[in-house]
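Just dropping this structure here.
Each chain gets a letter, A, B, C and D, in the order it is written, and its residues are counted from 1.
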Amino acid sequence: MIKTAIYGASGYTGQELLRILSCHPAAEIVALTSRTLTGQTIGSVYPHLCGLPLTFTDLSPEAVAELADVIFLALPHNAAMKAAPVFLEAGKRVIDLSADFRLRDERIYNLWYGKHEAPALLSQAAYGIPELYRRQIEKARLVANPGCYPTSVILGLAPLLKGGWIDHSTIIADSKSGVSGAGREAQVGSLFCEVAEGFRAYKVGEHRHTPEIEQELSRLAGSDIRITFTPHLLPVNRGILSTIYASLKRGVTTGELISHYQEFYRGEEFIRIYQKGAFPNISSVRGTNFCDLALSVDERVRRVTIISAIDNLVKGAAGQAVQNMNIISGIPEETALKSLPVFP
Amino acid sequence: MIKTAIYGASGYTGQELLRILSCHPAAEIVALTSRTLTGQTIGSVYPHLCGLPLTFTDLSPEAVAELADVIFLALPHNAAMKAAPVFLEAGKRVIDLSADFRLRDERIYNLWYGKHEAPALLSQAAYGIPELYRRQIEKARLVANPGCYPTSVILGLAPLLKGGWIDHSTIIADSKSGVSGAGREAQVGSLFCEVAEGFRAYKVGEHRHTPEIEQELSRLAGSDIRITFTPHLLPVNRGILSTIYASLKRGVTTGELISHYQEFYRGEEFIRIYQKGAFPNISSVRGTNFCDLALSVDERVRRVTIISAIDNLVKGAAGQAVQNMNIISGIPEETALKSLPVFP
Amino acid sequence: MIKTAIYGASGYTGQELLRILSCHPAAEIVALTSRTLTGQTIGSVYPHLCGLPLTFTDLSPEAVAELADVIFLALPHNAAMKAAPVFLEAGKRVIDLSADFRLRDERIYNLWYGKHEAPALLSQAAYGIPELYRRQIEKARLVANPGCYPTSVILGLAPLLKGGWIDHSTIIADSKSGVSGAGREAQVGSLFCEVAEGFRAYKVGEHRHTPEIEQELSRLAGSDIRITFTPHLLPVNRGILSTIYASLKRGVTTGELISHYQEFYRGEEFIRIYQKGAFPNISSVRGTNFCDLALSVDERVRRVTIISAIDNLVKGAAGQAVQNMNIISGIPEETALKSLPVFP
Amino acid sequence: MIKTAIYGASGYTGQELLRILSCHPAAEIVALTSRTLTGQTIGSVYPHLCGLPLTFTDLSPEAVAELADVIFLALPHNAAMKAAPVFLEAGKRVIDLSADFRLRDERIYNLWYGKHEAPALLSQAAYGIPELYRRQIEKARLVANPGCYPTSVILGLAPLLKGGWIDHSTIIADSKSGVSGAGREAQVGSLFCEVAEGFRAYKVGEHRHTPEIEQELSRLAGSDIRITFTPHLLPVNRGILSTIYASLKRGVTTGELISHYQEFYRGEEFIRIYQKGAFPNISSVRGTNFCDLALSVDERVRRVTIISAIDNLVKGAAGQAVQNMNIISGIPEETALKSLPVFP
C-alpha cells in the first residue's frame, strides 16, 4: 500500500483527492492536514464524506514526512514552496497542486506570484501531464501538477504544435470554468447570488495561467509562443471548456485533423477524440479524468477551432494528481480513475 | 457473471442502471433495448457513456429472455405488466422499475394507473426496499422496485411506525424532487427555462405515489393510514428531500428518537442517521445509494420533523434496483454501490 | 417629492430598494449610507445599477435626518434599534427592514435577538403588512417591515384564522427560500458551490422568524398559536414558497375556501388567488410585489394545504417597504410597484 | 395610442413583447395570435402574466391588419415572409423578429433558410439596429429586427470597423447564449437536465447567424468580411455574452479604444461602455435593453478583445423591436425600455 498524505486538505481540491484516494485499492491515507480545521472530522466539514473515518490534523511537514511516502500538496501558492523541500529532503515524493513548481523560469514566477523561495527545485520538477511527459514523471521526485486551464489548453493544442500545422502567432484560448475553480474561500464574487444566472469574463489579459500555458506551448513547439487567453466564469460547479482558435498554415480538412489527433493520443485512456460534427459538453466529463477533444476546420477562413473539455477538479487537479501518483508508484495509470460521469 | 438486460433503456433511469452495472464486478450487460433508439450506440445518445461498447436493440421480451438471467424493466407503467410475464414464464428474474407491481390491491392500481393486465402477479411481487423486506426479496422472482418519493418517505417513517410513537392521522410528507424524476420526455414543463430559478408544488393531493406510500405505511403500522403528500419540483438535476411531520403520542427527545433510528437501521450500509442539529443536503447523497435521515422534536408542539434525502435515480431507482439484484443473486448487497458523492 | 434615504444600503435589500425607488415618480433618494462602501459609486459595487448617479456615504443618523423625510433602515438587527430613535426624534418617519421592531413583547425579542435598547418604541411600531394593518400603518411614524418568511405565511393563513376554520394546534409551515435571503455576506454556506444542485433544511425548529409568525397568527386568531416552521434553502436567487398545512374544523371544499380568500382579499392589488388545480411558481412573482396564493382541501384527511409565493426581496422586503412608504405618504399604494415579472 | 398586434405570440419572444408593451404608455395591444393557443388566456399559458386581460386568437393577417397599426411578427422564419406582405399591402408597418428580411442577398437566404417567397421585399427592409441605422428605420415600413447573436457582435465591432483599426481577416466571435434563445419548443436538448451543470458549443462553423453577422460587418467596413463564429449554450435563462477578438493594425492602448467607443456611441441611451479593467456580466443587463461593452488590448500580441453583453430577449429581440417601433412612431426611443435589471 502506498502511504499518502494530503497536506492542506480543506479546499475543494483536497476533498476531491480524498474522494478518489478513498476508493484507491493500492493507496492508504495516513494524514490529512489543515491549520484551520484541525481536530474536526471530515464528515463535519464535508457531510457527503461522513463515511470516511478521518480527522484533520495540524502536523508539521516533518511529522507528515515520517508517516507518508507520497505527499499531495494542496496548499496555496507561496506556501507549497516552503513545505516541499522538507518532504524531498526526507526522501519522499511530492505532487504539488499549487503553481509553485510549474514555471521553470524563476523570473517569470517572481513576476506573477512573488519571490520564489526554493528556486533550485524548479528545474527538478516534472510538469505533470502524463500524456505528454510520462517518461519524466516516472522518474520525478517532485511533480508540478498542472493548472486546470493549462491542462485543457495544452492537451487541446499539443498535436497541432508538434505537427507544425498552425501559425503560432494566431492562437486564442477562450476558456470557461465552473466556480469550484475559485476554491472554497468565502468571497463575495463566489456567492451563489453573484454567479447564478450570470456569466462574465475576468482577469482579461492578466490571468496567472497565461505564462504557464505559454511556457508549455513554447516547449512543445520548440519556439517562443504568446497567446491571448480569456477566462470566463460559468454558473456551474465543475468543468472547464476551452474553445481554442488558430490559423492553419495549409489547407487541411476536419477529418484529417481528427485522424492526426487520434494517432497522437493513441492508447491514452483519458483522451476521447470526438467524431466530426460532435462537440463535448462539460457534463460528459463531470467527476472523471477524461479530456474530451473536438475539432472543426473552417475552410472559408482557413482556421481551426479546437474544443477541449475537462473536469477542473479531476483532470484539472486531483484526478491528474492521482494519475501522476500511479505513474511514479509504478502501478496502472488508470487505477481509481475509471468511474463514469454521473449524469444528469 | 450475472447476465443482465435493461429492457427499455432510453431514459435517465436506464442510463443510470448502465452507469452502475458497467462497474459491477459480477454483472454483465447482455442486452439494452429501446424501440425508439434501436441501432444507435449508447455514446451517440449519451455522450458521457461513449466509452461503453453497447448498442440499443429492439429485441422482443422472448429474445431477451434467452440471453439474460436478470431483467431490469425500465419501461413506463402499463408496458411493464405486459413484458414481465414473458420473462417470468421463461424462469428469469425480473426487477421492475415501473409502478406496475407495487400496489398489491388491483382495484387501487386500476384507479390510479388504468386496468391491470397481469393482476395475478401482484401478490407475487416483493416490494423492493431491502432495509425493510430483505427476506422477501431474497426469494422473489419479481421485485417491484419502489417509487422515488415512496422510498424517501417510507424509510423516513418506518422506525416510528414500528414503534407506535406517532398519531397516524397526523402524517404529512412535504417532498421536493429534482427534474430527472420527470424523465427525459420532451415536454414544456421540463424545459430549462421553465424550471431554472423556479420552484412550485404540483399534483397537490393527487400524485400517484400517494397510494403506494399509504399502502406501505399501513403495512408497517398494521393499520390503515392516510397521509397528506405534496410533491414539489426543485431546480436541480437529482435528489429528493422529504420533510415529514407527525404528532408524537408521548413526550420524547430528539436524542431518544435518534437512538431509536440508529438501533432500527443498525448494520444498514446505505442508511446514515445524522446527529442532533445536523440535517442532510441532497448534494450529500448525489450519485449514491445512501438515504440520509435527520430528526428533530419540537417539544413545544409535541411534533417530530423527519428529514429524508436520497438521490432519486439511485436509491430512488437504479441503485436500489441493483441492490435488489445483488440480494436475489446472493452476492454482497453493496456491490457496485459504494462510490462516494461527487461534490460540489 | 418624498425625500428618502436608505440607511445601510450595501446589501441585496438595499440595492433592491434602490431599483424600486429610482423608478418612483414621487420619491427622490437623498442619501445612501454604508460604513464599508463609503465613497464608492453605486455602479462600482452593483454594476447593473451603473446608470444611477449615486455614491455611498457614511453620514450619521443625525445628518441623514436633516436631509430625508422617510428613512429606510436596511441595517442588521441590533443596529436598527440604535438608529431609529434619532430619526423619530427628528420628526421623521422610519421604515425598518430589520427585526428590531417586529416583536411586541420585549422579553421575546431579548430571547431571540439579544437585549433590546429601545423597548419603548416596540408598542409604537406598526407591523407593516398593508393587506392586514393598513389603518395602523397610515398613522404610524415607525413601521416594522415584516420578515420574508412571515409575510408569506401570514398572508397565506390570515383568511382561515379570521374565519375560525382550522384547528390552531395543527399548523405547519414548510418554507423554501432563495439564497438572497441570506444576504450578501461572504460566508461559505452561501457560496455557489455549496448551494447549486443542493437543497436542505436549516435551523429546524429554531429559526428566528418563528416567534414573529406566531405573534401575528395569534393576533389574527385572538388566541395563542404555536406552529411548526421549517425553512429550507433553494438553489435560486429569489423567491419564497411556503407550503402550509392545517386540519379543518369542518368539511369544506377547495372551491369554498377559494371564494373565501377572494372575498377576504377583494381589492388587494398585490394578492392573486389561484383557481382550483393551479399552483404558483416563485418565477411568477420574481421581481414583483405580488403574493400568489393557492388552496387545496384533501377531503380524505380533512386537511387544507395553502401555497404562498412571494419574492423575498420585494413583497418580502423592499417592495413591501415601498408599499408602506406610499401608504404613510398618502400616495397610491401601488406606485412604482406595478412592473411585471421578467420570465424566464 | 399606437395600436399594436403580436402575430405569433406563443413563444418567449412573444411574451417578452407583451411584458414590455403592457407597460408602454403610448401603445395598446389589440391582438395576440397563436394557432396552437387560440382561445386560451395569457394567464393560463404564462401564469406570471395572469394580470393581463388578453386572450390568444387565431385571426388571419388580413383581420389583424384591420385592427392594428404596427404588427410585430414573432413567427418562425419562412412563416413571417408569408404574413408580412399582407400587412404591408394594407398600409401597416411591420417589425419582423424572424430572419426572413435580414439578409439582403436572396441567394444567401435561400442557401441558409430555404426558398424565399417575398424576395422583392428584401431591399425594402431596414436592418433594425437603431444605434447604426436610425435614419433608415425612421422611414421604413418593414423593419428586420436583428438576430440576438448578430446584435451583440455587430454593436461590439462597429466602432472598430468604421475606424479601420483592425485586420478584417482576424475576427473571431466566441458567443455564449442563455437557453431562452432556443425558444419554448419541447425538445430534449433544451430540457433542464440536459442543460443544467453543462456547457457546450453547438453548430460550430455552421450557425445561421453567421451570414447575417458577415453581411452587416461587411457593410460597416465597406469590404467583404468573413469571420469565425462559435455559439455556445449557457445554463442560464437569459443573456448573451460575446467575446470578440481581432488583430490591431497599429499600436493603440485600451484607453484610446475606450475613448473611441465612447465617442462613437455618444448619446446612445442603451450602450454602456465600461471603464478599463471592468467587464460586463450578463446579469447586469438582464431584463433590460442595454448593450454593455468592454475593451482590452493585449499589447504583447497586438490584439483587441471586445466583450459585449445583452439580454437575448430584450436588446436581442423584443426590446430592440419596441425601440424600433418607438422610432417609426416618432416617440422617444427609450419609452417603456428604461427599467433596471432585477438582481440577483
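Following the convention adopted for this analysis, a contact is a pair of C-beta atoms (placed from the backbone, for glycine too) under 8 Å apart; a residue touches a chain by one contact, two chains touch by 3 or more.
Bear in mind that the values here come from a model prediction, so they are computed numbers and not experimental data.
Undergrad: When I count C-beta pairs in contact, which pair ends up with more: A-C or C-D?
TA: Answer by contact count: C-D.
Undergrad: Among the chains, which one keeps its Cα centre farthest from the Cα centre of chain C?
TA: Chain centre farthest from chain C's centre: A.
Undergrad: Could you grab the centroid distance between chain A and chain D? Build each centroid from C-alpha atoms only and quote it in angstrom.
TA: Chain A and chain D have C-alpha centres separated by 39 Å.
Undergrad: Where the centres are mean C-alpha positions, what is the separation of chain C from chain D, in Å?
TA: The separation of the two C-alpha centroids amounts to 37 Å.
Undergrad: For chain A and chain C, let me know how many angstrom lie between their CA-based centres, rounded off.
TA: 45
Undergrad: Can you pull out the residues of chain A that are in contact with at least two other chains?
TA: In chain A, residues 12, 180, 193-194, 196-197, 235-238, 280-281, 283, 286, 344 touch at least two other chains, as defined above.
Undergrad: Give the list of chain C residues in touch with chain A in this complex.
TA: My answer: residues 12, 179-180, 184, 186-188, 190-197, 235-237.
Undergrad: In the complex of these two chains, what residues of chain A are touching chain D?
TA: 169-170, 172, 174, 176, 193-194, 196-202, 204-205, 226-228, 230, 232, 234-239, 241, 243, 245, 279-283, 286, 294, 296-298, 300-301, 303, 305, 307, 309, 344
Undergrad: Would you pull the chain C residues touching chain D in the complex into a rising list?
TA: 12, 15, 19, 22-23, 46-52, 179-180, 196-197, 237-238, 272, 278, 280-281, 283-287, 338-344
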